[in-house]
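First the structure, then my questions, so here it is.
Lettered A, B, C, D and E in written order, each chain numbered from 1.
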Amino acid sequence: MQLPIYYPLGLAALLFGLGLWGALTRTNAVRILMFVEIMLNGVNLNLVTFSRYYWQSSPEMAAKAPILTLFIMTVAAAEASVGLAIILAMVKNRGVIDVDKVNLLKG
Amino acid sequence: MPGAINWTTAVHPNYVFIMPQLIITATLLLVMIVDFYVKEKRNLVWVTLAGVVVSLFSVFFAATDEDIKLGMTIGEPREFFGGMLVADGFTFFLQAVLLGIAALVILLSVDYVEKFLRGAYLEYYQVLLSATLGMMFMVSSRDIVTIYIGLELSSIGSYILAGMLRKDPKSNEAALKYFLNGTIASAVLLFGVSILYGVSGQTSLEGIAAALSGTGVVAAAGDALVPLIVTGIIFVAGGFAFKVAAVPMHLWAPDAYEGAPTPVTGFFSVGPKGAAFGAVLRVFLVGLGVAPFTERWTLIWAVLATASMFVGNLTALMQTNIKRMMAYSSIAQAGYMLVGVVATGTEPAAGTSAVIFYVLAYALTNLGIFAILTHLDQEGGWVSISDFKGLVNRNPAYAWAMLLFLVSLIGIPPTVGFMGKLFLFQAAAKSGYLWLALVMAVNSVISVGYYYGVVKAMFLETSDKPTLKPSFGISTTVIVSVIGVVGVTLASNWFVQMASNAAAMLK
Amino acid sequence: METILHYAWLIAVIPLTASALIAMFARYLGEKNAWKVGSGLMLITFLLTVGSLIAVIQHPHEAGGPNFYTHPAWHIHFNWANFGPYEIQMGLQIDNLTALLLPMISLVSFAVQVYSSEYLHGDKRVPRFYSAINLFTMGMLMLVMADNLFLLLISWEIMGLCSYLLIGHWYEQEWPRMGQIKAFLTTRVGDVGMMVGIFIIFFAARDLTWHGLAEKIPELVHDPATAALLALGAFLLFTGAMGKSAQFPLHTWLPDAMAGPTPGSAIIHAATMVAAGVYLVGRAFMVYGNVPAWVLAVIAFVGAFTSLFAATIATLRWDIKEVLAYSTISQLGYMIMAIGLGGWTAGNFHLLTHAFFKAMLFLTAGSVIHAHHHNQLLHKMGGLRKKIPVTFFAWMVGYLALAGFPGFSGFFSKDELLLAAATWHNDAVHGWVAMLPYYMALATAFLTAYYMTRATWLAFFGKPRDQHLYDHAHESPRAMTIPLIILAIPAALIGWFGTPVFYHYFHADWMMFIPEFLHLPGIEHTAEFSTELAVTITATVVGLSGIFLGWLLYAVVKPETRAKWIAAGKPIYTLVRNKYYVDEFYDLVAIRSTQLISRAISWFDGAVVDGMVNLVGVVGIAVANASAWFDANVVDTLVTMWADIARWFASSFRRLSTGYVQQYMLTFVVVIVASVLLFQVIR
Amino acid sequence: MTTDLLMSGQFWTFIILAVVTLISTYRMVSVPLITHAALFMALSFTAVAGIFLLLQAEFVAAIQVLVYAGAITTMVIFAIMLSGIGDIKAERKSKVKVWHSNPFVVVVGAVFAAFMLYLYSTANLPKEAAGQNMAKVADIGMSLFTTYVIPFEVASILLLIAMVGAIILTAKEAES
Amino acid sequence: MLSLIVFVPLVFALIMLFVPKTQEKVLYWLAGIGTLIPFVLSLVLAAQWNTANASTEVYAKGMQFVEHLTWIPAIGVNYTIGVDGFGFTMIMLSALLFPLAVLASYKYINTRVKDYLILLLILATGTNGVFVSLDFMVFYVFWEIVLLPMYFLIGIWGGPRREYAAIKFFLYTLIGSVVMLVGAIYLYVTTGVGSFNLLQMAAETSKLPIDGLTTFAFFALVVGFAVKVPMFPFHTWLPDAHVEAPTPISMLLAGILLKLGSYAMVRISHPLLPQVAEKYAWVLFVFGVVGILYAALAAMAQKDFKKQVAYSSVNHMGFFVMALAAASVLGPKDPAMAQVALQGGYFVTIAHGLISPLFFFAVGMFYERTHTRDLGKLGGMFLTVPVAAFMTAFIAFANLGLPGLAGFIGEFVALTGSYPAFGLWVLVAGAGLVITAAWHLLTMRNVLLGEAKKEYAGLHDVTWKEKLIFAPMAVLIVLFGVYPKPILNVLQGSVEVLSKVMELGGK
């Protein structure tokens, strides 16, 4: 590839950082969840990039990154469903989605 | 390109070895089926328990399997299922401990589920089993993929368990906090993994280790790559530190522990934590135990251990809610165990055996405590230290058992907690971290400060509350724990032998 | 008589049995019969001791003179214990010195017990008194029979205990209660020194038996370092004697010991126990005689000073017992001085004579007090000689003996003693200093004669000063007077057994009995006869002039004139009258300061040490918490400081847990990013 | 950076996709309406899928579109609609404590990204390794059902439990 | 046999668990029997005591009545027990004191009798176990077993400030013991001896060079023991604990618990590290001697009778510390005198073990009758309760070191042995003797002598129970004061061995 490896890696890092930023600043629980997905996307991008640039010597090794990515995505989906369920339960129970208003437990 | 992968060499299955996990999976499904047919949902307890016990037996069975034993006796762990699972003493030891934890948690939550969880036995036990399954995979693999999947399975199970008290805002909150923190942590962990993969092209731990010791990209980039790898290691460590609730990644723990249903809190404090320690040991020893990096992660864990011990113990002093106090206590206990992890840097065998023995010790002790807490919770709801007032009059057996457990947590003989601390001390001293042993000693004493509050309330104060009638599940758990706490001390040689065999094979 | 020595161990056992019997059957025996048991058994003891004395006299001495020091006539011992690898022998022995002292002790004890049967009539605690007296006698007998320093120390302390018990006999009152503590503690100070002395001697010689020491010490002193060490040990040993024998500056307890019953004082604080110090120095002479000479010089000067010092105080005492008490201190100083001067025989001789006449004087004083309705003050007495003739007779014997009137026992022993002072020769002391003890001894002799004359005149002569008391005065019952007579005989006559000057003229062997019997070869230097004669004459003159001065001042001079003279010498009078303020000094320096320190330490312990330890152990944090929980009142600044620090940390840790989930996440991320950055820095 | 690179379509494709990704992610943060955010998320995911394609990871790209852009986005939107929180127009930014405020977090995120970039640049990463065995779907499938069969099965249980969990946490009370 | 002595009380405690708590008489009988059996057994052992029968095994050289079972061979921990002179005398003392303590408790402890007696019996197991252990871990287990029963015995049945005193006791000793554990583990690890057997460890550790860590280990051990002894300045828990503890517990505390520390010093810290002990002997000496003087002065100022007696414990144990320091100095120079010092120092502890409990008992007698311990309020007891007053006077004289009674022998021999090491500095200890005598006399004057007080008229004199407790102890005090040979002979062999260790260690 002509494209230097720094470009996709940089994009992945930026995605991760943006995800962090969003997850830490927005108080809507669903939105936080979305940003977490963005961060995972950054990770995936990282994996694929490394795989594409360095680990093409055998099909077995080349397959590792996509597979790991696949698992990450699967887990992300499962996490998202459980997370949304938790958020929904909370919304139903307390009528808030703002994580700032969720601090019964502290100290 | 079919045929590129040789099926036989790649997979090489042994179903004896995966039998424990299979049995748990089967139970998980069986419960669902049985649920259709039984009227008295409470009877699901027996099904689940039977499954766990059978699985526990199959662990022993697997450990004595000829094929696996052959590998174990020559000291080379055997890999099965494409290297995703590894058959060694370490796996069996921790699997047995985790299954034991599951069995005890199942027992101690019988009444609780009835009372607070609307009798949702099916869901509760299913999720519990799946979390256990995830933990079992976590400790039995040498591949980051499986470890990650296991970790997530146990995490997701934990999130669900934490939120099981649907109507309780605190439970919601606990689940939410646990969940949000947990996802961030796994993202960070994965980022670290992606870097490690990037420099090694491997997901298996020995592959990573081989790469880190200087092949491929690492060889090409030379020393310049070290900072990047260290960064990856820090991310991985951070992710695991979150799982074991080490300071400063501990903040979620008190909230999650406090809000979660009490039996679940008990489960959190030992199960995921124990599995995470198993994974930590495996990942760091097998995957990252390479010369220039070992000292880095040793330092990281040493700092985390010290911080965990001090913060955990000191903050626990300020607590009035006992579940929260136990959360901080468990943070401190994680700090103690991390001392063992630190020791693995130079003394892998001693450190590892100390940590896994301590996991066993801590599980036995803490589950006993949580059994009693659960009982008190069932009587009163909010569990504050003042609920313990006059426990010696309300139920002397509980009070004395509780005392024994607390003593074990402090680390006073003749309890298993002491044996655990002893091995940790020994490992720390062996690896040259005498100061950590001292910090540990000092912290054991600080911890008296808050455990003492409970003891004082139990024995030196009185209460006019009615006597506590023991219930089957909880009494059994307490009895098992008491026997374990004393018995493992007396028969510690057997367990130590197991632990050190396990540790010897971890490579 | 040889065979009697086989039963000599009974000498110690019988009084002990008596004591135990009386203690055990106290209620049964009661006041009536306790004295019978005690004095009866004591009489047997006395007979045994006399038998032993005779046996020893008959005992064929080792060739080359009376070598009794290393070869006692009778010696039993057994292996008592092991101190490490060293076997400690425990045993009893009787040699010449012991044999001479034993009858004295038992006789005085016997007399005192008979006397007390009447004296303590109506007292609540008679059996206790008898039990203690018998225990005491046992202690004293064992002390002189002990064949080693360790047993001596034990006996020594047993006597101390008995002294304590007897002084506090009337413990309802303040004076006895304080007096007993004072006595015990003051002697204890000396005892500590003595114990250290014993340690040093044991360290140097690895032996504590007399015969062992006698063999080893002369060889050990060849090494100068060991000799110096032994000198130190010997000196410390002497501090024990100073305490027990009430030598300056540890003398203050003895006058206060008079708070006990008079008969008890007679035996303990006049005749025997206080002489134990003298005996110790004499007995341990194999140490003192061999170590560097400064030790003996110190002993001599301490003795000389004490004797003069106490004598001056005695001149102004108004309490008859107090006069006798200070006289005792003075006379003990004499003996100590004598032994320090190398006058071994003279010192022990004076010990013997003094024991008889001073015991008798005390008993007589008791009789006077008894007769005078418990009045002890001289200025209320007067003219008693007609009312209580027997007592008066006994008193006169004692008085003349003490004053050194020629012919009475005290005269001869004092004579010996002065001779030793006159011919003193010590390597550490030269020139006029070497003559000081002699002049001090003469001055003491003069003062002794003076104050005894004063006391005698005030009590027995002149006109009754308190007519009411005089009218009711009566002679004591026979149980009290007979012991006086018994003691008067040796008090008057025993001196004749050691009269070198007379021997020179009469050549009767018995006149040199005691000097011969107690002769220590190689230690004492013989004097020219002319010197002896000169000393005798000087002593006689000095004694008589003392008597004359006393008579002059109290029989001739009018009280008003005396008062005028006193007013003239007011500062000196006040000083002496107040016993040189030694008690006040101790009160200030020793007692008050100790109390102050102890209070300070007690405070310190609660406030600081408690805190310091907690400070050292960081874990004091938890203690602090504990104390905060249960005991808000503990003022423990340092601890609370630690607690505050801990709490500050704990609460700031706790504050981390705000409950805001994003903040948790942020912390997590910040920590990770920060540590990643950090690891770039530290590589 | 050579002119060669600047001339290549690969480069410009990447730049365009990256810009789309970043902008849509930024809009996720900044749009007030959460439904819009969800849609921007889908856009971001799709753009990343394009990058995957560019990196010759067709399988990953496909999954990305299916799972992320499809399933997860739909689920999120469903959740928003179910809970009725979509109506909440303006959502405030977190205002908890000063150090927890926006700028600080920006710094953290920025520092993270910048630092990673710095690390990559100093790590002296090799240009490209030898070999061109791109992972074909068949290889991936082969691996998935041989080597990775265990994680694969665990993942299925994971999904099952996620389902169970979602039900138990949200289902209405069966009785009473 | 030794095992029986150790565990019979525990067995009885377990039996008593099943006796209903209303059956107080039965409980007392059981407790009495449970403590008398060890006493009888110890007499049997005394009859068999013979140095010629000493074991020649490497793990118990010179010990008698050795029992050896493997426990945790994996780390070299074995259940090895046996006694030499040091341990045997202590076993005898403990066997004697426990029945007396039970007797003293009868009709004195009226609340929660069952708990009380069970704890007492567990305490007996703990102390006896400490005195026979030849393995550090076994020792440590028993050492810590002592901790909790004592905490409860003070904390539940104590005086008004019992909780404070109890936790203070607990924390002090716990701090000491955890630090000690770290020290011991360091030694274990650094020598690589692979066994916690004290004799085997000593063979290696005594050859270690004196560096920072060995010094640390030594002081870790010594401080751990010094807290129990209690050595100045670690003594401040003692007065509080004594003042608050009930009389029988005070007796045990003074008679046995403090001896754990002194025993441990001669058994562990000094044999293990004689070279360090020799180098830093002056530290111990200063603390010992200052403790003697300091405690005497502190006692003088107390207004509480019991507190005075407590301080006198500090004072007496100071003699032990001083003598031990002397012995370690003399070891290489003058082993014979070192033996004297050791023998004397240890005799002090034995004598103190006989005298001090009785003194506390005497204080308790007055407290029981007058309900005050205030020295200002007591008085005239000789006229009110003559026999009790006589007993007290006897004990007071024994305590102040009157010749002819056991206390004197110890102090005399200890000082004899200490003089060669420290010269005239022993005079400071001598000053302590004088001040000790002073406050004893003053206290006697206040409490016993003087006019009878009206408010105390009609107090009953000693009961049979009290006489029964007093008599055996008093007889022993006199016996060993007059004829200490039996004890000195029993100690002889052990003292020789220890001095030899010190001799070699110092070179």
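Following the convention adopted for this analysis, a residue touches a chain if its C-beta (ideal position, glycine included) is under 8 Å from a C-beta of that chain, and two chains touch if they have at least 3 such contacts.
Bear in mind the structure is a predicted one, so any value in this text is a computation, not a measurement.
**Student:** Given the touch definition stated above, what is the smallest step count connecting chain A to chain D?
**Tutor:** The distance in steps between these two chains is 1.
**Student:** Using the touch definition from the top, list the chains contacting both chain B and chain D.
**Tutor:** A, C
**Student:** More C-beta pairs touching across which pair, A-C or C-E?
**Tutor:** Of A-C and C-E, it is C-E that has more C-beta pairs in contact.
**Student:** When you take the mean of every protein CA atom shown, which chain's own CA mean is nearest to it?
**Tutor:** That would be chain E.
**Student:** Taking each chain's centre as the mean of its C-alpha atoms, give the chain farthest from chain D.
**Tutor:** Looking at centroid distances, C is the chain farthest away.
**Student:** Measuring from the mean C-alpha position of chain B to the mean C-alpha position of chain C, what distance in angstrom results?
**Tutor:** Going by mean C-alpha positions, chain B sits 77 Å from chain C.
**Student:** Could you grab the centroid distance between chain A and chain B? Build each centroid from C-alpha atoms only and quote it in angstrom.
**Tutor:** 25
**Student:** Could you tell me the distance, in whole angstrom, between the mean C-alpha positions of chain D and chain E?
**Tutor:** Roughly 71 Å separates the two chain centres.
**Student:** Using CA atom averages as chain centres, what separation in Å is found between chain A and chain E?
**Tutor:** 65
**Student:** Using the touch rule from the top of the page, what residues of chain C touch 2 or more other chains?
**Tutor:** If we look for residues of chain C contacting two or more partner chains, we find 617, 619, 622, 626, 654, 657-663, 665-666, 669, 676.
**Student:** Where in chain E do residues touch two or more other chains at once?
**Tutor:** Touching at least two other chains: 163, 167, 171, 175.
**Student:** Listing for chain A: what residues touch at least two other chains?
**Tutor:** In chain A, residues 16, 19-20, 23-25, 27, 32-33, 49, 51, 54-55, 57-61, 64-65, 67, 71, 75, 78-79, 82, 86-87, 89, 99-100, 102-107 touch at least two other chains, as defined above.
**Student:** Got a list of which chains touch which?
**Tutor:** A-B, A-C, A-D, B-C, B-D, B-E, C-D, C-E
**Student:** In the complex formed with chain A, which residues of chain B make contact?
**Tutor:** Residues in contact with chain A: 1, 4-5, 144-145, 148-149, 152, 156, 159-160, 163, 166-167, 169-170, 172-177, 179-180, 183-184, 186-187, 190-191, 193-195, 197-199, 201-203, 216-217, 254-255, 258-259, 318-319, 324.
**Student:** Show me the residue ranges of chain C that touch chain A in the complex, using the header's touch definition.
**Tutor:** 654, 657-662, 665-666, 669
**Student:** Can you list the chain E residues touching chain C in their complex?
**Tutor:** Counting only chain E, the residues touching chain C are 161, 163-164, 167-168, 171-172, 175, 232-236, 239, 294, 297-302, 336-344, 380, 382-383, 397, 402-404, 408, 412-413, 415-417, 419-420, 424, 426-427, 430-431, 433-435, 437-439, 441-442, 445, 448-451, 483-485, 488-489, 492, 495-496, 499.
**Student:** For the complex, give me every residue of chain D touching chain B.
**Tutor:** 116, 119-120, 122-126, 129, 136, 138-139, 142-143, 146-151, 154-155, 157-158, 160-162, 164-165, 167-169, 173
**Student:** Considering the complex alone, what residue numbers of chain A touch chain D?
**Tutor:** For this pair, the touching residues of chain A are 1-11, 13-22, 24-28, 30-31, 33-35, 37-38, 41, 44-45, 48-49, 51-67, 69-71, 73-82, 84-89, 91-92, 97-100.
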